[in-house]
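We just call them A, B, C, D and E in the order they show up, numbering each chain from 1.
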Amino acid sequence: MTTASIRRPEPPTATGAIIANRTNSSHRRWNWILLGLVAVAGISLPFILPAAELSVAMRVIIYALMGIGWNLMSGFGGMFSFGHAAYFGIGAYTTAFLLVDVGLSPWVGMLFGVIFAAGAAVGISYLALRYKLKGAYFALATFAFAEMLRLFVTGNKALNGSVGFTVPVIRGDTWGMFQFSAGSPIYFWIGTVFLIIALLITMFFLRSRAGRFTIAVRDDEMAAAAIGIPVLRHKLIVAGLSGGITALAGTLYLQFYMFIDPEIAFGHAASNNAIVTAVVGGVGTLWGPLVGAIIVAPLSDLATTALRNAPEWLSFLSGQSGLDVVIYAIILIVCVLVLPKGIVGTFLSRRRK
Amino acid sequence: MQALTTGFLTGGIYSLIAMGLTLVYGVLHIINFANGAMVALAMYITYAVVSGLGIHPYMALLITVPVMFIIGALLQTTLLNPIMRAPIHTQLLITIGVALGIENILLLVFGPNPLSVRLPGNQGIHFLGATVELSRIYAFIGALVLVAALWVLLRKTRIGTAIRSVAANPEGARLIGINVKRIYVLTFGLGAAAAGAAGTFVATFTTIEPTAGAVFNLTAFVVVVLGGMGNVPGALVGGLIVGLTEQLGGLILPGQSPLLAVFVVFLVVLFAKPQGIFGRAS
Amino acid sequence: AVTGGGSGGGDVEEIVIGALHPLSGANAVDGQQMSYAAQMAVDEVNDAGGIACLDGATLKLEAADTKGEPETGQSEATRLIQEGAAALVGSFQSGTSANIAAVAERNGVPFVMDVSALDSILQQDYTYSFRIQPSGGMMGERGATFLDEIVKEAGAEVDTIGYLYEQGNYGASVYEAFAAEAAELGMNVTPAISYDPASSDLSTQVQQALAEGADVLAVSGYYRDGLLISQAISSIAPDLQAVFGVANGGYDQQQFTVDAPNGGEGYLNANYQIDVTNERSMAVADAFEEGFGEPMRTSAALTYDAVSVIAEGLEQGCSADTVELRDAIAATEYEPIVVNDGPVKFDKTGQNENATVSVVQVQGGKILTVYPTDVAEADFVFPAPVK
Amino acid sequence: MSLLEIDGLSKTFGGLQALRDVSISVDEGEILGVIGANGAGKTTLFNCITGAFPPSAGRVHLDGKDITGARMHVLAQHGLVRTFQLMRPFGTMTALENVTIAVQSRGVRPERKARDEAMEVLLRTGLEGWAGNVSGSLPTAVQKRLELARALAMRPRVLLLDEVLAGLVPAERAPVLELLAELRKNDGVTMVFIEHIMAAVRQLSDRVVMMDQGAVLAEGDVDEVLADPRVISAYLGKEYGDAA
Amino acid sequence: MLLEVENIRSGYHGLEILHEITLHVDPGEIVAVVGANGAGKSTLLKTIVGETKQFGGAVRYQDKTISFGGSHQVARQGLMLVPEHRALFGTLTVEENLQMGSWARREREGFTEQEIMELFPILDERRAQYAETMSGGQQQMLAIARALMGAPKLLLLDEPSTGLSPKLTWDVFHAVKAIRERGVSVLIVEQNARQVLDLADRAYVLESGSVALDGDAKELAADERVQAAYLGG
């Protein structure tokens, strides 16, 4: 018989609480530093990048906004949305309709777009939650709403049916109409501002009481309700925020590409992009969607360019249409297989050790 | 009448395509976005076999089904087994990647021209005041046979019970000696084989393009949810509902896409019975 | 605005033309043909000594894949312009073209559309966009006129036309123009049924369209749905004088005669076509088939024309400066290889005002131009009941 | 007038009748033990009282107010708080955050104040050493106590405890029992607790309700109920009777 | 020796929970493991069957080494774990659950279905019922019965009495005795130290991932340190 004494279970670190607080505040400091970096990059990038790459940089911003939006609802809110195209589309279409048919400035349109999208997100989520849809069922319900919107807009004459909207071209830069000459860095700067706003919203939300409550709800709904947290309300708040931010991406898309149609706006490719961005970067992390966007958005261009300028021994590959998409798909799959928690997610969990 | 008959037969086709999807979801809890692409792949295999060997299209089933089974099994082994514990969106992303990959590899190999497979002796016949093509009736019968086969497999055989055990509780299955990963591989293989059978049947009356399967993706999702995810006979009924709704919806809402009616029905059912028509409340 | 090409002087050695087509995705069949045709046109100019008035400057084609997506079209267009393209051609899908047109406009680079039917692209007061093919509206209108003429010449009688069109903007615009013109000509278009081109069975719609005892069934759609319709028709075996495609994307494809029941025998289609009576056209088509391995589609012929128009503009304006090139193209007259009412000539919106359609018919497994008579290679058969 | 009044409560799941016409009343400051075989409907009773799902029939009154079917979070705000049989921590948060959230949901601001109060609750439940650990990977016993701590942070008037002792070794049970006794004494908290551990039931409860197949089979003084032959045959087993 | 655990170390996500544990089970023995919550009892059982990763040491069953990920293979060798949360096939019927239990049976001798039904008569009555609709106690019976269908040589039970009514607890302990009488060895983890020490031949006391005490079960039950920590109250 061994003779060790009998002890009660002891915590591994008696000073756990203090450590928790310290990491928390060091996290916060890092967030501000990174945000500053984003701002600096946003201002300076147009001076560094060749003009042709600016449209890729724009795509990074648009993807990042969609990813941040999706991540709020699905990563922090725990509601897996497979239909974020709905909010992206509402943002773009509201702006386009108000601009082309009513003559309102896109800034105003953007405001309405954000409001409508937030409203739609709240409404759709309310219906889906009211009827207790969960997991894959919730996902497919949101998917169905996005599809319905797409079909509705496609069949709707007042919204130009399948033709969509083209933003009237104005020569020169006009802040009022949110239009600048092609290749103007101002687009990118505005995008950067949107991005920073979205990141700030996420940061402050996560730090706020409402944000904490939302995370509690995500971790365990029933337990959250048991300590007096109104579950539905917090889910709807985060869904609304998510929809609004995604709508920003819609407006930005419209003003930059100057064209929108039902397939682009409400097609499942838009939903997929939001998910891909967040998953590659790290679901449920503040910086995941941005990092994901930086990887994913240029990926298909990189694949295409790589093939266009293929080295001699691979030149038989160039000009094979579809190959670039295959490469894109392979990179995507490898990314997810190697880092199932996403880039930021993996980084954080490594550091935690 | 025509709408009813067509709706019924189209519904059969939808359930044929949704069968693999529902099986994979039921056991692996993966939303397989690549199901449509796998159907397209099977269509191309059918084409290659029929035009290469000159055999009857339905004989191609002897090749598409096992080949698709192997492809599915390989996909599961290499891509999905490593991330079975990951959250649902991570798995979804893999299947999106697979879908893109398959469709574009088909484009690379077969080129963009639409191809077709002719069913000898295919003709329209009159049936209850409507006209239908034989190939669609065969496809419908194919759907019935497939449902029956899968049902017998899952309900009446030992391996089928093992598959359902894994669906119910993988850990428990492992602890009593079932090789869970192998069951996953088997199931995804079966799902792909079902997509293979669907591809061959559908190939006889539609044009074969890389995206030919993806057009069914939306409807297949709806069918699966209506029938209750993971419920094989449910997929048949779900398919029929969608087929009929689509045809009748086209009559009721001309000018709007008939799919709109389908989605309306979809949401109504989803809200009324969140687990699908046959879903058991758990 | 960024200017492409060189400085506009005569010292240019290589002039870049950007070609934007869907080389992958659902319409890659056409896209790949079109890209090849563009290269052919460029090679021809270069082989003939380049642009003479620019000291034999050669053309260089930069082909890009739009994937059929407007935003890819846009970013690729931007890239091509940034890389110095003096002009753009493209792009097949109307949505993508609309997007490229906006880019071209904002950058002040001429954009010549080969295929893209959407009327509204040129209704934005753009000055840098041009279109070779007839717009959807023009095709619908001509379709009705030609059908009426064929019926009259054949001495047949057509009262009721059932109409099936895909629900997208292309189908709808063609149908509307057709119906308006048909009404003027005293034909009843009823009922008109729109359908989702992604459907997997269209027998219900076909049956509906025939419900009022149509004499002729008119169809505006793409290849896949067109084929489904032909299959439904053959299984229903209605009592029709003819099936008449209006700007139909399927009924003039060689593949259709392989895929359709009974080889699609007798199907008519009013669409833009290669001019088979023109020797130069046929030489180009033959060369194409030899080089590419497939018969040349009209979409590719239109690309060939679009690139040639740009070459012509370079020659006429004697400048690779984009603004001057735009003016030169606007003033150009060019003899196309597609059926046209005279030379290609752009009106002030940029539309080729002489664009027109011709009617083809499947006869003995071949697709033959049958109307108007001056460009026809065979006589039309009417009535032409299909089985 | 009793504080919590349960009147004719019934609940069916599909064909299964999980509660049949259950009537119980609990006085202010009382501790009521609920025992019963597995599947007797004890947890379901809690679920129906706290609004996890609506009862099929019957009423629940708290302090004379009808709270039947009221939502769980509203009830929690009114001081009707429960714990869960299977622990439900907010798994991505630390123990301290778990409790802080509960304090905050009572409206305590600013965060610093809420955290200080949460820390006090952790001290009281002996969890101070675990404060900084992520709750999802805490040992079962610690999670169990955290469950209790979170409920206490709500400053409940009525506390519904679902097997808080299950899974604790005897040495660990004592401090929890002490804590509960003290809660009643100092804070006047009314408690209803489900428990399979008879020693604890004897020690803590003023009164016991025995449930069987959804219905109340016996009710009354602890010793009386535990000696009831029906209770012995349906729940305790004859070995227990022999041993006792 | 049927099972030999030698200096095993294991845990989760790189965090070591078990520190160099050594124990063994001989044929025909009931061995108990008691310990406070979080001591690592469940981790120990999971590590033995290969559900949880070993960081070091070795587990040998019938002289063959068991490694991580091998749980379905060890089950085929007759080493079966009934986990803490039972892991039943909720959407399958009782009968199907039992049928699946014999998946890994092979040629081994063991309980027949009939004998199992005699042991747990309630299961015979509920053959067609879905497992998930059974009450907690019935589920525990089913989980043990399912494992017995696989004709195990060594059965690992993780807290079979947690959450069970006193009556059902007795029933389960009776069943364990009956199982041993058929020559099956049992390694049982329990909170219910009094009863399990009564039942077992030998026992180990686990603390914070290490073996603090071990020896004859009756002697341990008499040890005052054990009494204070596990038998009091």
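Note that in this section a contact is a pair of C-beta atoms (placed from the backbone, for glycine too) under 8 Å apart; a residue touches a chain by one contact, two chains touch by 3 or more.
The UniProt protein names, listed by chain, are A, B = Branched-chain amino acid ABC transporter permease; D, E = ABC transporter ATP-binding protein.
Keep in mind that what you see is a predicted model, and the values were worked out from it rather than measured.
Undergrad: Between chain C and chain D, how many steps is the shortest route if every step has to go to a touching chain?
TA: 2
Undergrad: Averaging each chain's C-alpha atoms to get its centre, pick out the one most distant from chain E.
TA: Max centre-to-centre separation from chain E belongs to C.
Undergrad: Look at all chain centres (mean of CA atoms) and spot the one farthest from the centre of chain D.
TA: Farthest from chain D by mean C-alpha position: C.
Undergrad: Which of the two pairs, A-D or B-E, is linked by more C-beta contacts?
TA: Top pair by contacting C-beta pairs is A-D.
Undergrad: Quick check: how many Å separate the C-alpha centres of chain B and chain D?
TA: 48
Undergrad: Using mean CA coordinates as chain centres, what's the chain A-chain C distance in Å?
TA: For chain A versus chain C, the centre distance works out to 39 Å.
Undergrad: At what distance in angstrom does the C-alpha mean of chain E lie from that of chain C?
TA: Those two chain centres are 75 Å apart.
Undergrad: So which stretches of chain B touch two or more other chains?
TA: Touching at least two other chains: 104, 107, 112, 255, 257, 259.
Undergrad: Give me the residues of chain C that touch two or more other chains.
TA: As it turns out, chain C has residues touching two or more other chains at 24, 28, 31-32, 167.
Undergrad: Could you pull out the residues of chain A that touch at least 2 other chains?
TA: Expected reply: 8-10, 154-155, 321-322, 325.
Undergrad: Going by the contact rule set out above, which residues of chain B touch chain E in the complex?
TA: Spelled out, the residues of chain B in touch with chain E are 158, 161-162, 164-165, 167-169, 171-180, 280, 282.
Undergrad: Name, in rising order, each residue of chain C that touches chain B in their complex.
TA: Per the touch definition, chain C meets chain B at residues 24-29, 31-32, 167, 193-196, 198-201, 203-205, 207-208, 223-224, 227-228, 231-232, 234-237, 255, 258-259, 294.
Undergrad: How about chain B: which of its residues touch chain C in the complex?
TA: Contacts found on chain B: 2-3, 6-7, 9-10, 13, 104, 107, 111-114, 116, 123-125, 130-133, 136, 202, 205-207, 209, 211, 215-216, 246-247, 250-251, 254-255, 257-259.
Undergrad: Residue numbers of chain D touching chain E in their complex, please.
TA: By the definition above, chain D touches chain E via 16, 35-39, 85, 137-142, 144, 163, 166-174, 196, 198-200, 234-237, 239-240.
Undergrad: Chain D touches which residues of chain A in the complex?
TA: Contact set of chain A toward chain D: 8-21, 209, 212-213, 215-216, 219-220, 222-231.
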